[in-house]
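Each of the next two complexes has chain A plus one more chain, namely chain B in the first and chain C in the second.
Up next is the complex of A and B:
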């Protein structure tokens, strides 16, 4: 009796959460096909493929924007996690003078107002000739991503007892074997979560990309924001869906990956 | 790999990345000084432009416009001049102006990533004051003579002095739905009466939005008497005389606006939405063809029409400028002159429905006939109707002051 009530409650909660997530997406989908949708009509009066035809046409630049966004986000993810691993390890396992200062410095890019920081960074990047290139955009995306990946991985390292590594080493494992068979499997869920975070932060950057990329590096958000104020709801909706779709995919893959790992831990 | 060597590897790769993009690009032959341009025959400029790439920073929030510029215009430039046009999209011109100001501050005086930019008004004033524009040049472009003299003198009161080339033309219009409002109020005073008789059915975007700001400037010109007087720099006495009744008028209609004037739509987009949702009875825009375009896209009902005030509506030109650190100046000059040609503008008006900007009397008979024959959307007013109701844009200093007074004395007034 009690169980069935709980089941019902869980089901309702599940449906509610699913609804909250899908309703906005459903509305965007309707808008992207709508041709004229005025109050008080509940549904668009007529339908059109205009927005999607535009999105898939070469003049919209969505294809190249997608490739650029994806490439940049993947490189940023790789570098941000790579930079964070040693830093997180040091922060979690070692006490050293000025540690809180280092933490503050690390958080500073996230704490300062984005626009002010971006303008300052732009001036610096111009001086060093780093603007108007993909490499410059990758570098600037690392500024908001590295603090997150480092702090998340520091959490993972903190839960991991360094003695496990020492134990493995007393049993004769090489540094690399310890890393591959002991440390990495334990940290994997944390690394996956940090990577998803880094990917999503880079994927959604607009201002930094526009400033540092100088209009030469055209990612999806740059294309989308140009439409935001135009009043063309259908194209805006279609572009938003194109921008959101990969993030949902990344999230689904990551959640499966995370679940797989936690299961493995329980069984092992 | 140990974490230490991993870290070293990433430091190294970052160094490599930064070195790779720190490489100075080789100087291009397309760069020349305004003095050199003065001495160079136009034919030589065209030759220098052959085979180059021009980066054009353009507001890219209009699907039809993007299609047209990325497609037919790009092909034409390739075919006719051997130029590759690359569109640099932006959402607001101020983004590009800020980028240039930053680059100036950091000493990046050449190899800029933008060769020409679509600009006008306050952004032009900011850019010109910040000395981030290349020039003077515009009076030397062959096609500039097709535009009326007045269009080449001032932009929102700021003297142009050759730092931007006149391109397109826009004029403020209001939209209404014949099915709902058979007789729209066609003057500032008639609007006051109408708004009071129909509480909650009118509003305007909150300045400093571009469209909301031009709406309240119409009230200022109405009470200022002679619109030409607002052209020559800021005159405190003139402003005081006009601003008093202007703010009184706006406060007078405020309680009868949508939501009792307690809040305003932030953008023309929101205004359009209120209008299509039948919450209000008027929309407004700087684009005389906006209502026809919305009808075609199915966003406005087919019964929507536009009108101008009997005392006239404010019109302005928009321009093309060259950044001080542009890489390909001869290319930019070539593209500009093409975009300013009768051939291009006739086609652009046909494709995008833009208002034809040239002084018609300066065209040859064939071109004049072509302009007359341009198709118009169902909601678009005729060129004669628009030009006979044209008011000049007041100096940008009036705009700043009126926006500030509106915020303090209309918006915040309980």
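Up next is the complex of A and C:
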């Protein structure tokens, strides 16, 4: 590859990346503020706050959807982190037969929508009145979030030397004092990151909410699909931005916790 | 503790297996039978869904791997702006697939931005002349939506490895008189290939079972596997349910084989991908 080809390639890549980053959000913003952006205009001719006013009006149901989404995601986050902490500790510090099998089981629901598991528990949920209910949706959201937070926290535990705990205990600290003053401060960034990502999984979940919520539990993604089907581009774009705002914010703040992408340490 | 964690998932899978193997009291089925799996394997609707899912996932994975690798190489060379490019690459990763599907509708439908650009260039004269990429025969909108998400994913995964490797080997090869093509072919490519391949395997496994994008951008028939499973499951006809569950068990089986392959690959890799990055797909 000579110099000019390399320059061309870098220019193309730079433009491509800039496009990937700006076009999706830019397009959504334009649509959400456009008034009658008809074919073949490249840009909207006039602007309007109609879509945003509708999204924030009580008749659109977005307010209720927001509360439902937030409530479910917060409960899911708390329960997932609470369940994952002891599991991650065991996974990071102890070797046991079948550990790689456990790892596989943890990766599966993270990677693919746990469709089979959700369909499997559906009949059980029907019997206990959990379908079409927020409680049922919370339970089914735990299927992908608990394994995910467990994997993330196992990474944090693996970097923590259990001897620190032993030392503190030797110095006379109680189990709770050890946890509060030694282990927790070390793990705090990892826990925060795991919590944030558990929140995001639940926040953007559509399929599991649909399967167990049966269209009765109206979260933001459920509303988004309904708006999209109704064909109002401006309102759909505005709601998409509401859904996307926290994910982008969190990503820019939290991405440095993801060791896989930091890439700063050469021998890391 | 791990059993508590696994309970819902493993328990759900066991229940799914039981229901798909003939224990479905809601329709009076209680005897063991493989009939639902036979349906999944022989029905033409499922066959076309398998084929479509496999082809679309493979095409999107290959495109994302090649372009993502190219982006990673370019960003590595753009030294002084690197943090800026990295941050920009993270933005599409942060969009949920549902949001990206909405963007693709605005972008590639017959009255979308691409069609308007084609009009501005004089290529088409009415929306009907533009080949819509949404709900199209070939699933082009689905592939486009996946590429917009997975190119940055593979680029960042590969970039992390390229930065870890550093340019020492590259410089040695240069000192020894290797041309830039030779350095790429014999130094960079072999070093980066495991990262690109394992990231691609993750992407493929994910796309194979993915739901939202084909749900919004695909056709009802032939549909991708997860969509077919969901449609059958939520069908008013309860007799369809065990078939839907059997289908989703088959999807899980295929995904597990892919994840198992990925884990074997990652174990042998120095500085492999973190499981945490799975969420970013």
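Just so it is clear, the second predicted complex is superposed on the first by the 195 of 268 C-alpha atoms of A that agree within 3 Å, B and C clash if a C-alpha of one lies under 4 Å from a C-alpha of the other, contacts with A are read in each partner's own complex, and residues count from 1 in each chain.
Heads up, the rule we're going with is that a residue touches a chain if its C-beta (ideal position, glycine included) is under 8 Å from a C-beta of that chain, and two chains touch if they have at least 3 such contacts.
Since the model is a prediction, treat every value here as computed from it, not as a measurement.
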| item | value |
| --- | --- |
| Which of chain B and chain C A:248 touches, first, second, both or neither | second |
| Which superposed partner A:35 touches (first chain B, second chain C, both, neither) | first |
| Touching partner for A:86 - first (chain B), second (chain C), both, neither | both |
| Contacts of A:131 with chain B and chain C, given as first, second, both or neither | first |
| Touching partner for A:235 - first (chain B), second (chain C), both, neither | first |
| Which of chain B and chain C A:179 touches, first, second, both or neither | first |
| Which superposed partner A:21 touches (first chain B, second chain C, both, neither) | second |
| Partner chain in contact with A:211 - chain B first, chain C second, else both or neither | both |
| Touched partner set for A:139, first chain B, second chain C, both or neither | both |
| Chain touching more of chain A, residue-wise (chain B, chain C) | C |
| Common interface residues of chain A - those touching chain B in one complex and chain C in the other | 39, 83, 86-87, 119, 122-124, 139, 210-211, 225, 228, 233 |
| Interface residues, chain B side, partner chain A - complex | 1-4, 6-7, 9-10, 13-14, 17-18, 20-24, 55, 57, 59-63, 66-67, 70-71, 88-92, 95-96, 98-99, 102-103, 105-108, 113-114, 267-269, 272, 276-279, 294, 297-299, 301 |
| Chain B-facing residues of chain A, complex | 34-36, 38-39, 45-46, 48, 50-51, 54, 57-61, 79, 82-83, 85-87, 89, 119, 122-124, 126-133, 135-136, 138-139, 175-176, 179, 210-211, 214-216, 218, 222-223, 225-235 |
| Complex contacts: residues of chain A adjacent to chain C | 1-2, 6, 9-10, 12-14, 16-18, 20-21, 23-25, 27-28, 31, 39-42, 83-84, 86-87, 90-91, 100, 102-124, 139-140, 142-143, 146-148, 150-152, 155, 197, 200-201, 204, 206-207, 210-211, 221, 224-225, 228, 233, 236-237, 240, 243-244, 247-248, 250-252, 255, 258-268 |
| Residue numbers on chain C that touch chain A, as the complex places them | 1-2, 4-6, 8-19, 26, 67, 70-71, 73-75, 77-78, 85-100, 102-103, 105-107, 111, 113, 115-117, 119-120, 127, 148, 151-152, 156-157, 159-161, 163-164, 166, 180-181, 184, 202, 205-206, 208-212, 215-216, 226, 229-230, 233-234, 241, 244-245, 248-249, 251-252, 255-256, 259-260, 262-263, 271, 273-281 |
